[in-house]
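To keep things simple, chains are lettered A, B, C, D, E, F, G and H as they appear, and every chain counts its residues starting from 1.
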């Protein structure tokens, strides 16, 4: 199965967070590849990767970086595939990475998700792929329903146990 | 031609900015519709719109709002279509709208662009539509090239005129 | 006894904080109910809850959420009961939740308290209920006096012990 | 008719903004009084006003201030009536007034609305008064409906005119 | 010996930090008193304290508080003695306390020091007292010289040991 | 009459703001001197000025600067006189000047007032001088009373005219 | 004369600000070239420019950009010449451009100057060139002295005219 | 070998961070010296150091400080050598030190690197020295290549091991 989502990150220290992107993609059966590709330490690798992405069969790229996060923006500069940016929290509460990822100039968009929002980056990639994929779109609907069911289940349990016991059980975990 | 991009905004005061989304979509020949739909003043209209969006043929939704910007997030809560959020600048330099749009919880992504980034919201929608549309994808490549050509043209002119004359001409406009 | 304050929160991870709202309400003998109700994962439950709140006998709703905190605003969009918003601290020091809760547009107010201000959310609910309830109003006056007495007691102790012993005792706890 | 909402502000330069509180209260027929009462320049007037507020028949107090905004907090320290705080924008984008109003310590809540959120302060006061006032509560429901109808009317017009003409007409005003 | 510096704080949880003010004052032989006096929980005690401060012999007041820090401002509203404000770090990195302490309106100054700047609050009080006190002024000059000597001593040691050994010794402590 | 307050500023572009310090000092009859003294462009002049200040009869120094505001801190490094810092608003809303002025390390305090708080810098200087000056202290008490009277006068007028006429008159000015 | 400083900027709208870099370089007789080179719209031009810079005789590069400012960082990724970054003010007070320029990861430094600090970017380039250029180093010393002399001249004038006349003359300009 | 880079810092508590500057300089064989030199506690030592730096053979100065970080700016005021500023993280996430270091007025640049960016300060110094040093310039090129090779090696390993095993091994360390 050909990889259709590329997940790149500025450093392997981002991998524990970005693993959530991998996991949600696998839950939906989306073939993906993971690369450590710094826009600063390996800029030519990044531009090569971005330029050849569409021809290599990729349909969406997820790019994660912290600090003066340039990876998503530089990738977007070299491809017309949708690029999803994940700001990674480091200093100044991740505000640097958020602003450096989201405040792109007209012409070159980056679809930015929350600070450390790796899971949502994966879900956004799936939503994009589902635009023309009926089956995937149905899986997303089911996933969405499961989120509501989880909420309902928690409420039932909360009603049964009351706040104190619920908290005790939660904390006991 | 059926509308495939829905552009919604919290107030018609956002329209002068969001018109840039309309214009870039039209430049690429993408049929779209524009609605004023406040998550706070007309929440049921928003949930109806979002829930029926896919069945109505929409493929991407662009949602713009300022302040405690909830429109994109609420829309995303009711659909599995990709939702692009545009934070509109009001008080506190648009930081409120940016954070209220981008910091979504796991499960419900919003693809956030820059503060007042209406043009990029349109381009991101086009990139998403182009994932499975060869023709659109080619148009995007040409658009990208045209951006670089504009930069080259400016540099040629700058070289010919020198900084002072270039500035004088620019300011004279 | 009918519940007259509804306490809702975006995730059960907010419960350890929001338990302070429950505790202060119980101290004042106010019947209340607690629900986990995400504006993003279970939006229809939220709108149902908010729309039927007044008919169900609720008089005030306390809504707590973190990140792009939409719960209080979405609840306020569906009811004319007073809605008290509690921004929950997560990333960016809770500034995202604070701005997403407080910066509501004209027409739909949310009575926002401090980041993690669960106890004050309860007290504000009590103050609202006390507007037309003489007895409750008296309890509030006594509570307020008790706050001053606690301050006076600490000062007496501080005077007796001196700073060093006071600190030693405090730290020893 | 006895005044039941007190509107106080730190300076008469806040009056052009706070007039929106007066106007919405009058729209709902709520008798109110307006005072310029600085917590810094006239602290004793503030504490007198706050201490006697309930006996003078007030049911809610709206307090507006900018900068190191202490007015709402100081008022709340001296009364058990609900106090609504309006942060007024001055330097640092109103962030100083917002934080100085909302970040109250446990025991003394202030119901904070948006920066310059004068209209919502009035509406929140009305919601509080409507908790035990059936008639007022109905007026609020009608007001809420009127907000949605305004949104619908704008959408009809937008559909009829199209974006360009709508914008032209809007700008022409 | 009469107390001439009053040190007040919003909560006894501020005492571990504010103890640095006590210690530096004692190092300079300045008689002082310490009180826990919340502007929110015990407002009348604060205004009494501030109003009678000059008559009670106080010459400077140091006021420390966190969050929506009103203590210094409220104290300054009730006295013409110099009031030194110490913002205490809590949520949002102490930025709330800093802005709530320093952004005072024209007419009522607060001499604000750094977040958690308890030692400097004491030194500033001493500098104020030293304006008309030759002896105290000399002690301050000596203190200032001692600061420079400490710097010189560290440099000598650094030169002798080299960076690695210096660090090892420092860390070993 | 010997100058006892020195007012220094980083640039003569700060003079229109700092003139408020001069005016309030003159209102209280305090002899003062004004200098343009950049910590960056004329550092030796600053250290000379600060080192000789006490011997030249100065009792308090007010130092104003914007951006990476070093003037107050550098002055404080060279004198044991109380130094009052005025952060001047430039870029980033004056937050740079505020933090660069107030966040001094232990040992070297700067008494910081609000962004552009020139008037309060003067009043704080007067309060410091009044610590040992009975007459000045009385003038301050009268000034404080006058502030309250101004508030009372505005309220009387507001009561007489009502909000609308008051606003009309205010705006008419 | 060969160009030894390259000045590049993300958009020709930055040119009015960056002209200050050109002017100060010309004042010191440093040959320079100016290019509009967007890291997002013309990424290959940027990498070519940066990679060939040293061979083309450049010794320092000044790179200016606003928003998610990537130009300086991307340039630094492709050269080992010193790169000076100038954050250009746009939205959020230039904080986005500042953080996106300065928060570079270990391995790839950017020498960042103030928001809109075009003149200082030029002076920093000159200081770098002067490290091994005695003559240039002397010119810098003279420039530095001239700054102090300007300060002294302003003070003389201020002393002669007094504050009011000085201000009147300044404003009259 | 004569020291050509001076590394100064406001406190020896900055030494564990600034040791990274020493290490990278030593890796490149650049002779350097380290001093603890507070702009506030030892201002005369700082100005002496800065004034004599060029004559003592220094070519670049690295200055690190936290809070109201004045050390780099004050050093720059006294020398025409390039001064590299390292903001040290303390309170408010290092934003105070960053703004106090970078926002220098026209005339006196400081080359600012990231918060705690000690390694990059060293690399920037090396880049400056390499402008006229062919051999050093080659070493920098090799260093840059090694950064890319590290990235490639990590990717190879990631490809071999897969995400899970890579993470396990990384965490196991």
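The criterion applied here is as follows: a contact is a pair of C-beta atoms (placed from the backbone, for glycine too) under 8 Å apart; a residue touches a chain by one contact, two chains touch by 3 or more.
These figures come from a predicted structure and were not determined experimentally.
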item: Fewest hops from subunit C to subunit F - one hop per pair of touching chains; value: 2
item: Approximate Å spacing (C-alpha centroids) for the pair subunit D, subunit H; value: 51
item: Distance from subunit E to subunit C - Cα centre to Cα centre, in angstrom; value: 33
item: CA centroid of subunit D to CA centroid of subunit G, Å; value: 47
item: Rounded Å distance, subunit E centre to subunit G centre (Cα mean); value: 40
item: Junction residues of subunit D, two or more chains touched; value: 38, 41, 44, 67-68, 91-93, 95, 102-105, 107-108, 110, 114-115, 147
item: Pairs of chains, among all present, that meet the touch criterion; value: A-B, A-C, A-G, A-H, B-C, B-D, B-G, C-D, C-E, D-E, D-F, E-F, E-H, F-G, F-H, G-H
item: Complex contact set, residues of subunit F against subunit H; value: 10-11, 38-41, 43-44, 47, 66-70, 73-74, 76-78, 90-92, 95-97, 99-105, 107-108, 110
item: Partner subunit F, residues of subunit E touching it in the complex; value: 20, 54, 59-60, 80-82, 84, 98, 102-115, 117, 119-121, 123-124, 127-132, 137, 140-141, 143-144, 147
item: Subunit C - residues contacting subunit A, complex; value: 12, 15-16, 19, 22, 34-38, 41-42, 44-45, 67-68, 91-93
item: Residue numbers on subunit F that touch subunit D, as the complex places them; value: 89, 93-95, 114-116, 147-148, 150-152, 154-155, 158, 163, 166-167, 170-171
